[in-house]
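The structures come next, written out as structure tokens.
Next, two complexes with chain A in common: one pairs it with chain B, the other with chain C.
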Partner chain A sequence: MNTAGVARMGYDTAIKIVPLQCSGQANPQLIMDALKDGADAVGVIGCCIGACHFVNGNMLSMHRIKLMKQLFKELGYSDQQINHYTARAAEGETAVGDFEDIMARLKRAEHDGTTLPEGW
Partner chain B sequence: MTEEEIENQHETGQSEQSSEPKKPRIGVFICHCGHNIADTVAVEKVTEFAKTLPNVEHAEHYMFMCSKPGIELIKKAIKEKNLDRTVVASCSKTQHGPTFAHAIEEEGLNRHMHQQVNIREWCSWPHIKDKAGATEKAEQMLEAGVNRSRKLEPVETRQIATTPAALVIGAGIAGLRAASDLAALGVKTYVVEKEPTIGGHMTQLNKTFPTQECPQCSISPLTNGVANDKNITLLTMAQVKAVEGSFGNFKVEVEITPRYVKDNCTSCGDCSAHCPVEVPSEWDSGMSMRKAIYKPFPQAIPATYVRDKKACIECHACENVCPAHAVDFSQKRETRKVEVGTIILAVGYDEYDPTEISAYHYHQDGYEDIITQLELERMLVAGSITNSALLRPSDGKVPRRVTMIQCVGSRNEQVGNKYCTGVCCMFAIKNAQIVKDNYPDTDVAICYIDIRTPGLNNEEFYKKAQEKGIKFIRGRPGEIQRDPITGQLLVIVEDTLSQTPLKIKSDLVVLSAAMVPPRSIGTLGSALHVLRDKTGFVKEFHIKMNPVKSSKDGIFLAGAIQGPKDIPQSVAQAGAAASLAAAPLVRGYIEKEMLVPQIDYDLCVNCGLCISACSPAAIYRNEAENKIMINEISCKACGLCGPACPTGAIQLKNFRDDEISDEIAALAVAPREGGHVHD
Partner chain C sequence: MVNAMVESVTIFNFGSCPKCFDETLLLPSEEKYAIERVADPASWDGTRTDVAVITGYLVPGDAAVVEQIAANAGQVIAFGTCAVTAGPFGLASAKGTKFLAAREVAKDAIELPACLGEWFELYEAIQGNAPQRPYKKLCSTCKRRSTCKFLSEVVRQLDPATDEESCFNDRGFACNGYVARQCKEKCIDQFTPCRACKPLIDRPGIRMLSMFGTLVANVEVATEATGGIAGTDKLADGPDDVTRGVPDVSGVFFRFSLPVEMPLGKVLSSGNILSNVFTGRMIEELPLIAGMLGGQNAISMQLDIIEAYEQGTGIEVTDVVKTHRNNLRELESQIMTAIENSDAVAYGGTTEQIRQVAGNMNLSRVYFGGFKTVIPGEQASFEEYKAKIIEFKQGTYQAGNVAYTLDAEGKVTDFTWSVKA
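This part shows the complex of A and B:
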């Protein structure tokens, strides 16, 4: 994300960034807090597979998000509001691409009418 | 942590949750960063907003917070307003987080009481076109930062004793230089080399540019020096298999393949003379043969012979004939555990194999006269298979026309690699001059895309080659053809400067093959847990400011493993690596910030899930008390333990769920709806 900023790559101001030590630190609790507090979609971005600074934190996060998606689906909601991405520190365009993907998936979910209801 | 300390922590945790005895006093500082932030984000508006937030006792904005006057403003505010924590909204945490942390430390505050909010890379720069949106977002980011700041706790920095030894993996020019420099600093150094000899690719070269010196002569003081240094333990035929521990205290498992020859070998060579088995010599790039029991080259260090178990037919002729009784077929593979404080990775490169470029027919039957530059070096070197004569491999005749092709495996979008190796122009020009000097009647042509000879003396070297009559043809050959009747090689290339298609008749074609990462780096890189980049070379910590540190603390890089480079660059980097690797050993300790998780034993159900989630295995169960405890020295502050815990008992200090939740609360609300969330 720093690389994207340095290169002045533009993206929507709707994207807000919360830095964590590792994507594996993204607790389902925090993801749900974000959605409850008003976020329309949540993306967890971690290092590429095999490149996790802490060995397998990114794998834990991927698996966690996968389970959460399943849960959302079973409850009848879209599974597109929570996503996991991988990016390399030096690739600003990957991060920006991920942001655009979050927005695109959200739009799809909104179009399908399966997003989480307001004030749930 | 002692039991007492844990109990105290637990108590403090409890009291903080039930009643806040001391209210936080936050100082907010917003940076213009010249035009970078202020042109997009309305910093005055953000400052006014900051003043409305609870616990913010001071808020101001300034042109350059990281400058001396900027730092003075922070210090002044801390003193005058009795602040106990700061929030600076400016650039990234990596860039100036430490600057401000250090500044508040000088005022007596713990450096972890500083919170950095990045309204530049994460706000003003990506949202240049949306000033209103950027300002709104900056306000939200600032609120998030202030929320986070409220619950920050001081973190102590502890000194941890280092193991006073270093490991150098790879004994090529970079590894040897690094080992030598480490030894000179008094550091006990282990050198692990997978080949039977030390010196690496440099010993295979005929001459080095731009002075045409003999590399064996240049490297000899170093190879001998390292072999005889009392501070250095040299392990050849050895590979690193596994690494445990962390910066300052690594435990390395080294696997040593047996030589089957004892150290009392006098290097007389009788064994080799009597050995009936001949196989191509890898060290000689396959240009000559060696025996199953052999010494790779006459000046090899160690001088002890080595038996190639795979090629050996076990006739025992060597064993019978050895006057020193040094041959020992019973030797076994050995595993050695070595304890070191820092590691230098210097495993070098491999020459690109042009076989995949089918149009160049490398190593195909009928095309024996197409060789690589390394094979050419092996032919021209003193004592070579041809006795230094330049001869065609097919018929042993002196070639009258030599054509060199540049960028083979480099600068290619289709095959090989996209990068420019950067060394091939110089070594092709070097070899072209050697051919021309010794065979003035031989035509030498170099087909190039660009000639890259930067640095002092190199442009002059290129000029000299042109003056010697070496032809430079600007074009990348599309293929090498072979006349079916005469067998003559034809290099098909367009001279793009004169826009003429050419068919260059060649007696010998030399391919300037790229430098690629060594085959072994896959498994070794994983064992060391260092990041590699797309090309396979090991990634440096920072492309500009730290090309010597790897992605892993305590492991440093030297030489071509960090990217193609020439000998002087490798030597320079090796010196830098030795210096960085020696520092914590000479000092005797590393400083570790005790950013560790805390366990609320009232919530802990002793399930041990955190132990499985912990990547550096820093959490363990104390059997005696049946209690989950933390090894603070191994802990990497990754926070993976938190989400694994079903009750939320284990929380990483300053990254607790409630703290991050506070940060999220300010960011997740939709802007322009008026609802800013206050704690």
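This part shows the complex of A and C:
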């Protein structure tokens, strides 16, 4: 993301970045809090598979988000409001590509009317 | 805080099974305070009471009645998980049923969650000795030991005869004991994973999901390419070993907290709360759920569910199993009579006999093919009445008053019970 910024790459202004040391820190409580506090979608972007500085933080996050996605589907909501991506630190365009994917999936969910209700 | 000067206790039964309401029969009758039991709170005359005990789940339509109760009571106690978070009935919130937590209306209510509500804890709370944090952890009372090592597989059933020492979670068998308090029913002693009816912490569902999601880090999770020239890996949307291992996340991790932790669901409702609770659940979880919310009909409901699947899939049971099941059905009719007569002695005696056979009042020992743990005093060898690991077969199953349909994953897609809604 830093690389994307340094290279002045553009992305949707709706994207708000919350830096964490590791995607493994993005626990489900935090994600639910973000959604409850007004985020339309949460995309967790971690290191590439096998490249975690903390051994397997990205995998932990992926597995938890997989269960969350299942939960959302069980409740009748789109699971596209929570996603997990990977990006390469040296290539800003990978992060920007993820941002674009987050927005595209959110728009589809909004179109389908399956996003979480406001202020739940 | 309630104190020893309590002179009157009024116990209300709102919507539920209503086992917690029945369990209050066990409150010692020689106490100085008078106990009034109100089965229909809407018709309550509003007489001032020192302690109001609320049992059963609440819906928005109950708010006015609960407000009236709170206004006329020195202290409100929410007894049982249904009163606190809607209990297992709260699973119906996935299909749009709205519930109310007692504290949303009675803000200072003492919460005593548990399924079944623990009458001794209620007794202490009436004396002014409500349980205080930090609570004792369920895991600290469990004979199994957890290593919290990463798992490579998730399983939906385990053979009851194997390994008495390893934590269920260590074996990939999701158990919510990590987020649960020490309890009386203790399903874990009956080879049944805990579902945290008595939570140790706030937001137990999402935290247990987080914990289990972490534990299964070595299970194969599906990824896909994001596409484009700068594509990387993205978590895939399709099924994988994680979702196949836990096909019912809400039913496993949020069984007792769904309405308070998650937004109201949008899944199409069947119009029947019981059907809404059971639809979406995994077949191997049905016996415990029925044991929890079946109330005075819990035994027959549970056995109907079990026998329907056994008959439909050709699972044979031994005479020992049949004898114990008949015994349980007989005990069910006895307990109904005891409740009808408000006979605390008979009620207490019958519940002890049920616990002897079924393990606890949630009937955790009872399963497909037999029983999960040794029945005390049973002369036959465990092999003769041991529960069986079932295969998940798509189809419609019916026995007694119960009928349900399963999909290929073993999840309920339709459920009806013709006795009580």
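The rule is simple: the second predicted complex is superposed on the first by the 120 of 120 C-alpha atoms of A that agree within 3 Å, B and C clash if a C-alpha of one lies under 4 Å from a C-alpha of the other, contacts with A are read in each partner's own complex, and residues count from 1 in each chain.
Definition applied: a contact is a pair of C-beta atoms (placed from the backbone, for glycine too) under 8 Å apart; a residue touches a chain by one contact, two chains touch by 3 or more.
Computed from a predicted model, the values in this text were never measured in an experiment.
Once the two complexes are laid over each other on the shared chain, residue contacts for A:64 go to chain B and to chain C alike. Touch criterion met: A:17 reaches chain B, while chain C stays clear of it. Within the superposed three-chain model, A:8 lies in touch with chain B and out of touch with chain C [touch as defined at top].
In the superposition on chain A, A:38 makes contact with chain B only, while chain C stays out of contact range. Touch criterion met: A:28 reaches chain B and chain C at once. In the superposition on chain A, A:53 makes contact with chain B only, not with chain C. Across the two superposed structures, the residue set of chain A contacted by chain B and also by chain C is 27-29, 56, 60, 64, 96. Across the interface of their complex, chain A is touched by residues 94, 150, 203, 206-207, 209-210, 212-214, 216-217, 219, 221, 223, 226, 228-235, 237, 240, 242-243, 246-250, 253-254, 261-267, 280 of chain C. Those residues of chain B that touch chain A in the shared complex are 92-94, 118, 120-122, 125-130, 133-134, 136-137, 140-141, 144, 529, 531, 533, 543, 551, 613, 615-616, 636-640, 642-644, 648, 652, 655, 657, 660-661, 663-665, 667-671, 675, 677. Partner chain C is touched in their complex by these residues of chain A: 27-29, 32, 48-49, 56, 59-60, 62-71, 74-77, 79-80, 83-88, 91, 93-94, 96-98, 101, 114, 116-117, 120.
Those residues of chain A that touch chain B in the shared complex are 1-2, 4-6, 8-11, 13, 16-22, 24-30, 33-39, 51-57, 60, 64, 90, 96.
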